[in-house]
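Beneath this line is the structure, given in structure tokens, with notes to follow.
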């Protein structure tokens, strides 16, 4: 198979970090090439260098046997490299169709855009991916997963020689993942080179041919994936011995907790027009309650309504029997509710502030006296959590915006753990987190529950949801359709609950 | 910003009221001697001022003594004569003044009194007015257009002349030797241009030893005048005189001189306008001359309109004879200042 | 523009109404204001008064047109007031060499200044606010230097063809009005129906994403600032034709008026959302307020300011309130 | 772990650029000072420095409040009108005693700030529009209260305007003290931290439970109060209340000072030291141009160029 895109001894430094260190990488036509590594290993950076977002410090880029240097993503795109970047990168206020066709709108007379055709084609492109939405609606009204599928549709609808996908599945549900894999196979069969980044190892074995492993910005392995078993792959990623890795199971959950009998969180009949209908959730101290459902089923809304980030039209939220004001994050936080939001880029991190300030942000009032900040108290807390969660940064003063996705997530976890919450609402806590960190986060959830914390876990990873939760509440179209308890908490039961009632777009 | 802005508050309102008619004297050559204008030549029909509606367009906020006195004088005269008056204020925005006057016309003004913010750019208004044969009198500033065709007459001071008289005063008090600074008014304003021109021409002509060494804008405001003068007296400590193109900047200069520890009379100051504070400055010894620019246009403006609408000729250029305040008359004439 | 796509959940009626109200909130306010004014003042709804308002709004409208593009990209252009004045002076000076010069000279100079703004903003990544603030000073400086520190006013020959661009009437309505309408139609088509228009929205909606999607972000920004400069210059030129002179004291505070008009018209200052037609309505609304104040007549000049400030606040509050529900999520 | 102590040319250059970005404005001040010492007669005198310090004080004080507003991803266009309003209030209340008048004037400024803050925080109006409305209305209000310039003949006010301690004018001392205070607030208080977080990412700050509205309101109240203080001091210096022209275009000078000083308009960062330097830079520039008697056209063009140069030096470099 011919090489299409390759780089030799590529180096890229950011202030204080060498993100890529003499990395060689080659993508071949008709091959799906997995790119893996821990959070912060440099995968996204590599992709951004390949596609002209960043300029490399050193290293040569060869495309179709010609030396190239892409100055902008546009140039890369014109050359035939199509990319889905890690964070959904579309324009939220524009319509779905406009997003799909930005820059290559079908044009009619006088060079004006032919909207009729554009909408028709957009509809078709999405339908092929199993999505039916009104393509004239603003993109932001779609759930994250659907947005991701739009980005996918955009990437594959151009004539590309190379298609790059940076963690495309992190916000997709199983059915959509299968659609995606179908698309990937179709691309491969057409002789297109696919570069695929994911933390979900099973997926790699399902669709990839070759794998490249990065660790701390260095290339540690590249070769056919079939020759490498899962254990080996993990040990390469983490830089630990195979034996060490073997001892760890698939998920880090220990199993059942021994919850209290009286619920600490009671959310009754939360209703929000179009989004939630009479959703009630109760969590007891020491219990992990899972929220299951398809994309757009209202899981995030439920969590946000409980945490005050959205104001429900009616309904009640109480902590230890005391009703709290809804629609007010400070009130919820004072009562002991913490929410790890799903969209960490927009709603979680404060990118321009340092790791330190981000961790201390919510706890500031407690960490200050008479309105003056107690710096040493902050240092202590920051130090503790950076160690405990193994946050990888050049120091507490690095800007959070510069961290890799996984480390940003850990910073957010640290922010909330520093609050000593009573109830922790985790919306996709392990999305985009490498398996090492994922295991740590899962272990942490377990520990927290054992320490008596009430946890609400939202996850599109069925396995994680089933293994982690004591109880699973299943939502569909903003309504609770089933509650799985005790022995019922199995993947099969969950699947069945979701499947029997159909998918929301039908 | 046309002219001065200052007043010791208490007596300001009364000042403009009481002395509404004690102000303006038409200078030589006066009515009759210059070109004149009659209603037949202008077009339009005779009417009785008493039953007419007069529109008055003021250029700036009534927030300085000059504008306050001007508007008050117009209003007082209209009331005295029982004429219906419509007013508009352009808030120093020229585009607004154009629409203001158009609005006045649309609201049915039969006659217009305009205090223009700028001399040029009146074409749209003049066309609208001439289509309806509405007589226009401009006060305090001229419109660059044809008298007796586009407008009836102009009543106001001669700003170049004011500059010249200020120069005369400066030459007299400095003895015609030394270095003078000019505190300019707002840039792009023809009052500034003309007061500067008159001053510089006269200095060149009469006192070649008096050199203008500094020209910076004080924007007709006291604070700006003070700030500029502060910089001036440090970079040019040997300055002999300061010509401020309005009283306010002159008073700012006085502040600056006091702050720098100078004594009254160390630096000669000549200003234009004739506000109470400036004239008091002469009495106190800080200012050496104030050239008056009289804002009380009401009586003259209405008299002109009255005469004109009755069918009698009026002069196209009615130039006010401005007085001046110096050490000799300041104390006695303090009451005349506005 | 219909799609065959089935809609999972259509917006409810009240949502649709509030969406409409947000898009046309300024129009509703305008209609209400006009009705109220014509009921209160019998000299409001006269042909003369309406024509006066239309013509004198035209120039601000053209400036606001360019500003709309800039604001949708998430930027701002403070230099338009100075460019408006500069354009007028250049046009008046150029009119002695014919209409072509009178039009092309201000377009060239103001467009060039807009281009420089755009380059500094897009290529050097300087903040639009500060770049265009500097341009506002710089352009005023240029104006002063070519008018002998503001003391010289160039006049336009009243009978020249150039003057008819400002003075002429077609079907009883002033030429500037027609020109402005034509420009707005063209602007709306460009913004809605051209690829460049899509880039304008994309850059304002999410600049990083737009760049990653391959939108020419820098070029789009450079273009909108150039466009804004051109609009300001053209507005100045037309205004000079109307006034038959290059008045030097024009344009101060005009940038704020233009921004107000655009915002009142429903365009978000944060970018990514807005309409050309809204800006036109915004300009008219400002004009009507001014006219009403004049209709009332003897309102003290200080109170006039209080009233117009309060009115601006009210309109924007109403806008925000109408638009709020849609922006919840 | 990634190699943290990395050397290399790229990193070195990056570091130098970062320093330039942070300290460019100080460099600018130094250059202007040296230039003036070389070419401006009588520049090196205590009296001259006093003049510059006194003239810059009101701008600087306004800029401090502006820096807070900009740090919260906002802007306050009403500052000039607040200065006018405070001078009107001062004049009106001087009859009841100097201190009462001072307090009323400052409270008046804070009240405009409260109105700004409420429009922004509760109704969600863009800061630039909300403060624009109050800029227009505020100036009008000032003129309604005091229709024209009025002399202030109050000995306390007079000494406030022209007095000094050990040769340092009160005005300069007050400005310096306020700068230190605001710097302290930004660095050491919860309010300061919260303000930066809100300026950087409003949704994240909201979800982190920060009292977003309260902080925003406080920001504009501070800005209003500081502008009022500046108005009071300017009045003391002028020994007159001039609501027509006091504070005209002040918002632009203040914003320029803040931005030239390296505070990005996109919020999330506040640099008080830079703001002070920015204000001084502009003051020195103005003084230079006046002292050398350059015509207004030159002055404006020179200002434009210096502003662009200064922000160009301090610009955020592209991520590439």
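Order as written gives the chain letters A, B, C and D; numbering starts at 1 within each chain.
Heads up, the rule we're going with is that a residue touches a chain if its C-beta (ideal position, glycine included) is under 8 Å from a C-beta of that chain, and two chains touch if they have at least 3 such contacts.
Given the structure is predicted, the values throughout are model-derived calculations rather than measurements.
Engineer: So which one's got more C-beta contacts, C-D or A-D?
Structural biologist: By the number of C-beta pairs in contact, the winner is C-D.
Engineer: Using the average of all C-alpha atoms in each chain as its centre, how far is it in Å between subunit C and subunit D?
Structural biologist: So the centroids are 29 Å from each other.
Engineer: How many angstrom lie between the centres of subunit A and subunit C, each centre taken as the mean Cα position?
Structural biologist: Between these chains, centre-to-centre, one finds 42 Å.
Engineer: Compute the distance, rounded to whole Å, between the mean C-alpha positions of subunit B and subunit D.
Structural biologist: Spacing between the chain centres: roughly 36 Å.
Engineer: Please output the residue numbers of subunit B that touch at least 2 other chains, ranges allowed.
Structural biologist: 61-63, 187
Engineer: Got the subunit A residues that touch at least 2 other chains?
Structural biologist: Residues 53.
Engineer: Got the subunit C residues that touch at least 2 other chains?
Structural biologist: 144, 149-150, 300-302, 304-305
Engineer: Under the stated touch criterion, can you name all the chain pairs that qualify?
Structural biologist: Those chain pairs which touch are A-C, A-D, B-C, B-D, C-D.
Engineer: Mind pulling up the subunit D residues that touch subunit A in the complex?
Structural biologist: Residue positions touching the partner: 1-4, 6, 8, 10-11, 14-15, 18, 188-194, 196-197, 200-201, 203-211, 268-269, 319-320.
Engineer: Hey, which residues of subunit A end up touching subunit C in the complex?
Structural biologist: 53, 72-74, 77-78, 83, 85, 89-94, 98-99, 102-103, 105, 107, 111-113, 115-116, 119-120, 123, 132-136, 140-141, 154, 273-274, 310, 504-505
Engineer: Could you please specify the touching residues of subunit C with respect to subunit D in the complex?
Structural biologist: 76, 120, 124-127, 129-131, 133-135, 137-138, 140-145, 149-150, 256, 259-260, 263, 268-270, 300-310, 312-313, 316-317, 320-321, 324
Engineer: Quick one: which bits of subunit A touch subunit D in the complex? Just the residue numbers, please.
Structural biologist: 13, 15-19, 21, 40, 53-55, 57, 216-217, 307, 309, 329-330, 332-334, 339, 341, 346-353, 357, 360-362, 364-365, 368, 371-373, 392, 394-395, 415
Engineer: For the complex, give me every residue of subunit D touching subunit B.
Structural biologist: For subunit D paired with subunit B, touching residues are 40-43, 45, 47-48, 51, 55, 143, 147-151, 162, 234, 237-240, 242-246, 248, 287, 290-293, 295-296.
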